[in-house]
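The structure appears below as structure tokens.
All chains are identified by letter, namely A, B and C, in their written order; residue positions are counted from 1 within each chain.
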Amino acid sequence: MNSTTTSAPVAPQVHLSPNQRAWMRFKRNRPAVIGGIALILLVLITIIWPLFSSPAIAKILPKQLTYSQEAISNAQFERPSANHWFGTDIHGRDLLTRIFYGARISLIVGAVGAFVSLIIGVSWGAIAGYVGGRTDNIMMRFVDIMYALPSIIFVIVLKSTFEKQLAGWLSKTFSPQTANYASMLFLFIGLGAVSWLTMARIVRGQVLSLRGRNFVEASRTLGASHARILWKHILPNIYGIIIVYLTLTVPAIILYESFLSYLGLGIQPPQASWGSLIAEAVQEINPIRIYWWLLVFPGAMLVSTLLALNFLGDGLRDAFDPRGNK
Amino acid sequence: MKRSTTFLGRFPGRLVQSFQRFTFLPFVAATALLSSSCLEEQKADIVIINGAEPGTLDPAIVTVQADARISHSLFEGLARLNPVDATPIPALAEKWEISEDAKTYTFHLRTNLIWSTGEPITSKDVVYSWIRVLDPITASEYAGQLFYVKNGEEFSSGKIKDPSLVGIKALDAYTLKVELVNPTPFFLDLCALTTLAVVPQKTIEKYGDRWIMANPLPTSGSYTLETWRIHDKIRLRKNPRHWDAQNTRNNIIDLLPSESAMTAMNLYQAGQADVIWDKNLIPGELMDVLRKQPDCHLYDYLGTFFMRFNTTKKPFNDPRVRKALALTIDKQRIVERITKSGEKPADHFVPNGMTIYKSPDGYGYDPEQARKFLAEAGFPGGKGFPTFQYLFKVGETDKQIGVELQAMWRDQLGINMELRPAETKVYYTSVTAMDYDVARSSWIGDYNDPNTFLDMFLSNGGNNRTGWKNPRYDDLLREGNRQLDVKKREQILQKAETLLIHDEMPIAPIYYYAGVLFFRTNEIEGIYYNLLDEHPFQAIGRKQAKGKL
Amino acid sequence: MYFLRRILQMIPVLLVVSFIGFMLLRAMPGNPFDSERKPATPEIERNLQAKFHLDESLWKQYLRYLGVVGDAYVNVSGVAPAETGRMQENDFFQTDSQPLSDAEKKEIIQLADQTYTDPAPVGTKRVFLIGKDSETLRTNAPVRTEDERVGYVEGRLKAKPNVAIVRLTQPDLVSAEVKASVKWAKSGLINGDLGPSLKYRNHTVNDIVKQCLPVSMTLGLLAFFFAMATGIPLGCYMALRRGEWGDYVGGFVAMLSFCIPSIVIAPLLILWLAVKLKILPIALWESPWHAILPTMVLGLYFSGRIARLMREGLSTTLNAEFITTARAKGVSESAILWKHAFRLAILPVLSYSGPLLADLLTGSFVVENIFQIPGLGVFFINSIFNKDYLMTVGLVLLYALLLLVINLLVDASYSLLDRRVRNE
């Protein structure tokens, strides 16, 4: 609440658009800014990382950064050392490299989940809650049905029915290497298909509660259109819960991918994702010895990324909160 | 705590028991916490971590070895396996005669056989049990084990409807005559299989598929089934009416189903279980440490891990390509770094250790030669070799082997392989439909004879699944199995195996499984190492107090 | 009225779920009976398919699952033709009243003798079953008295389809004065029968649900209460300390809880509390002590989420107009919190807890696997991979039913807590 009270005198003096004001507020929120910068850095590193192992660039970089993702070696289960900063796995592959390759998949998975639940989940829930009546009933029963059917089945059926065709099409239209993405795509679709359901339920519940309130009634009597009421009056009031639930969806979906990897339905080996790295590391937790680096490094990456995401989410939420204008 | 099965009606009496366990709601749980333990079940003499939850204990339907072990302790056949070396010894049959042409067996049952519920066991029960395995209604996956018996196959496929035409007849209450299609050197081993065990006709006809859950359940083996709580526990109690009951060492045996190797090992280390004997329940990643402990027992075992090539697909229709791929597999590395449980690199298909057979030599690890083969086949340095897929079933070890193979082939031959993991059932379906390029495979022998391995690759064999058809191989195998002279038979079968693992290589052997057992040698006895990994429950017991030793 | 309608709506929803579920499952690749070793002949495979009706058309299989299509069986009463051996003139069971002439009987016996050249095996007996309705009998249809199975239908005469050949396996339980009738077996969903399991062949799906659901429900409820009891106070604390250190620390703790999956936390806790300190059991499900670790593992994962939602709900509510009004009126802070704010603040948690509770009650694969708990969660996943179709559909339906009921309860409590929400 501190941040909102200090911002109060600023707002009325200069004429700024609501978005500009939100941006001002956001900039003042230190954790949120740091979180945002960290995330952007991570995305950048992830994008350029594969370039490191290409011969031309590898010459100028320390060799610790240039291991290829797939090269196996005799250095099985090596502790973190000068050679391998994050240690190695059962095949003697460098963990640092695998974590940054894994970041791509995990970040995409998280983004897909967030995107689907934001677009489909929010609009579905908002419409159901706002329109109410029979529409609401039908829409929510659809959510129930989708929720009841295990998403694993979706993933399996999608993969088995369409993967071959898509892989064939991809390798013909683009290059043979892209055929690999077919299975990934279905993984994303399968994960996306379930990620929006709870969001829809939560948003619907909130809208249901808001649409009876005075300010909504008021703007209705003033002749505002439904879309406008929904967009301008109701949604801003539930930004908070939407962002919070998004920050819950992203880790859930990343970890769900790890569960699928564990069942063999996730990412195609030898590729890695943070989830699959964690699932592999779990095997090495036992009373006799613990190859701790296998768990700690991917785990720490996951937690710190999500922490950054969380701070960013909180910052955005505070910045756009209409009540913050006071 | 007494079990009452009356209040919930007659049949699935056994199913009701679980309610008396810890299934009450949290509020009750809280109060129960204060009143200490709510469970006063009698302690078992021996607790064994057996394997995954059994699919069935019906001997005719059992296909999983872990399930068969339990089933076999409940139901016995004409012969059973010697616990020491897993050779067939008399069980329900006291003795038998084999005719000159080795095609007719006459079995003499013991006259003192009774079911655990008190009724006599006669030759009629044996006939019923065998016919039941063949009967299409039973839908037994292992019905094939009785196809060596005259008209067995015809009856099973419905070509003849009359069970009395099948070559098994009860001459009187204690004598049985079995006619075979061909001389079958391993027929007595078959008689000791769980599939051919003797089961109670009345109970089965009364209850249908759920007959195992009948209470009381008449059993013919050394134990009776006391409890079967799904995914929780199976409790066996000694059958005092078994003909050999004086040699049954334990009163109560508990079998815990488990699907997590780490949990199994933790329970064992904490002393809550006495034996682990399922390969899937041994944490492979720890075996380099565990195998040095005195309670870890490693021994030879009739199982081979190998690769199938789809010989109907280009370029795998070329034996040189298959050989090139096979010769590049660094089996030593896989065994030492990945599987770690005492497996041995395999250069031939039939595992070592069979008394009547020694395999011919195959290829070892030789990337130099492999590159030559590949060049001869038209792909020097791997140029022009299409990207292909390696099919395997989901699982950590299989995945790791796949990753290793991928790198070996890429680095040594310059060819590109993609990993294609599939769920277990999909994997099997794909292999059967020949929808693969190269596939991981494994085979566990049913009986101590090379035939249990070699007959897989007969041209029309259902387990062939490589598309490899070789009439000479078929002839050699047929000839070998007709041959009664052991030495000559060995030579003929060696010729056949040479075709398989040297000349043609539709498969590439990778390693032989090792038998792994965990039990504390100073507490438990009666578990022996044998090729079939069979450990009859009857022989297993706790060592007596030190004074006696 | 609204809720009555919602309850009635469950029926079509469940039907849709069962239909989509059934068809999706059957669209999956793989066959329940494929394994490392193939049966010796294709006929054996066909027998297996036939036994579980997998050889029928998908529509028929689905209708059979619902219980609309079922199997006929023969119901007989009375005590038996004592002699066994070849079929004779008095071995006729009739299901309708038209008497047969001797000539007809002779003809039938003759026809039968041509098809069934062998005598029935010792101890069993063949008889004829005649009547229009006997045409509905499949081969292998059971023949039963009121409480026991006494035989099965062996086949039907080609020339006279209304004559079924019945093999009595327990002939001493059926008598000369026999009354026979063809009846439809009570099976399928409409009779509460979830069908057989293709993998656990000595059990039906009902058997397994009956044994395992109570265990999963116990564990699920415990975990739910654990998650609520830790999550809600933490969330309230964070909301009241919004923007202060307490908020950040609490947020970090909550975040750890939902970033660390149970596959990681479970082995770590076992290692620490059960193996090293030996204060809790490693696994199994035998006493209340055994429930502690799994409850914690299962509950922890959700308590962080609940804390986040609670924090959001409470801090939004505390900013709302009516709270400000109440403050201005001089209502005490604690009264504001408990009387006004809390009721609205809990709503997001409530929405979330509907599906959560349904999830928890039907068991968790990971926790049940690691702690070797005999619950349903393991079956949920394994049955999909085993292609144990009927088991999966059954469990999905069970889950759907729980979900619908709980969501209904959630919606009901919504209008109780927030009077502005009208359910119409």
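Remarks
Here is the rule we use: a contact is a pair of C-beta atoms (placed from the backbone, for glycine too) under 8 Å apart; a residue touches a chain by one contact, two chains touch by 3 or more.
Source: prediction; values computed, not measured.
When C-beta pairs in contact are tallied for every pair of chains, the largest tally goes to B-C.
The most central chain, judged by C-alpha centres against the centre of all protein C-alpha atoms, is C.
Between the Cα centres of subunit A and subunit C there is a gap of 33 Å. Computed from the mean C-alpha positions, the centre of subunit A lies at a distance of 45 Å from the centre of subunit B.
Taken residue by residue, subunit B touches two or more other chains at 262, 266, 269, 423, 426, whereas all remaining positions touch fewer. Annotation for subunit C: residues touching 2 or more other chains are 28-29, 267, 275, 385. Counting partners per residue, subunit A has 156, 160, 263, 285-287 as the residues that reach two or more other chains.
Put simply, subunit A touches subunit B in their complex at residues 70-72, 76, 90-91, 156, 160, 176, 180, 263-265, 268-270, 280, 283-289. Those residues of subunit A that touch subunit C in the shared complex are 1-3, 31, 132-133, 137, 141, 144-145, 147-150, 152-154, 156-157, 160-161, 197-198, 201-202, 204-206, 208-209, 212-213, 240-241, 244-245, 247-248, 251-252, 255, 258-259, 262-263, 278-279, 281-282, 285-287, 295, 299, 302-303, 306-307, 310, 323. Put simply, subunit B touches subunit C in their complex at residues 10, 12, 15, 18-19, 21-26, 29-30, 32-33, 37-39, 53, 55-58, 61, 63, 124, 128, 131, 136-144, 147, 153, 156-158, 161-165, 201-202, 205-213, 229-232, 256-260, 262-263, 266-267, 269-270, 272, 423-426, 428-430, 432, 441-444, 462-463, 465. Residues 262, 265-266, 269, 283, 285-286, 289-290, 337-338, 387, 393-396, 399-400, 402-404, 406-407, 410, 418-419, 421-423, 426 of subunit B are the ones touching subunit A in the complex. Touching subunit A in their complex are the following residues of subunit C: 9, 13, 16-17, 20-21, 24-25, 27-29, 242-243, 248, 251-252, 255-256, 258-261, 263-264, 267-268, 271, 275-276, 305, 308-309, 311-313, 315-316, 319, 344, 347-348, 350-352, 354-355, 366, 380-381, 384-385, 392, 396, 399-400, 403-404, 407, 414, 418, 420-422, 424.
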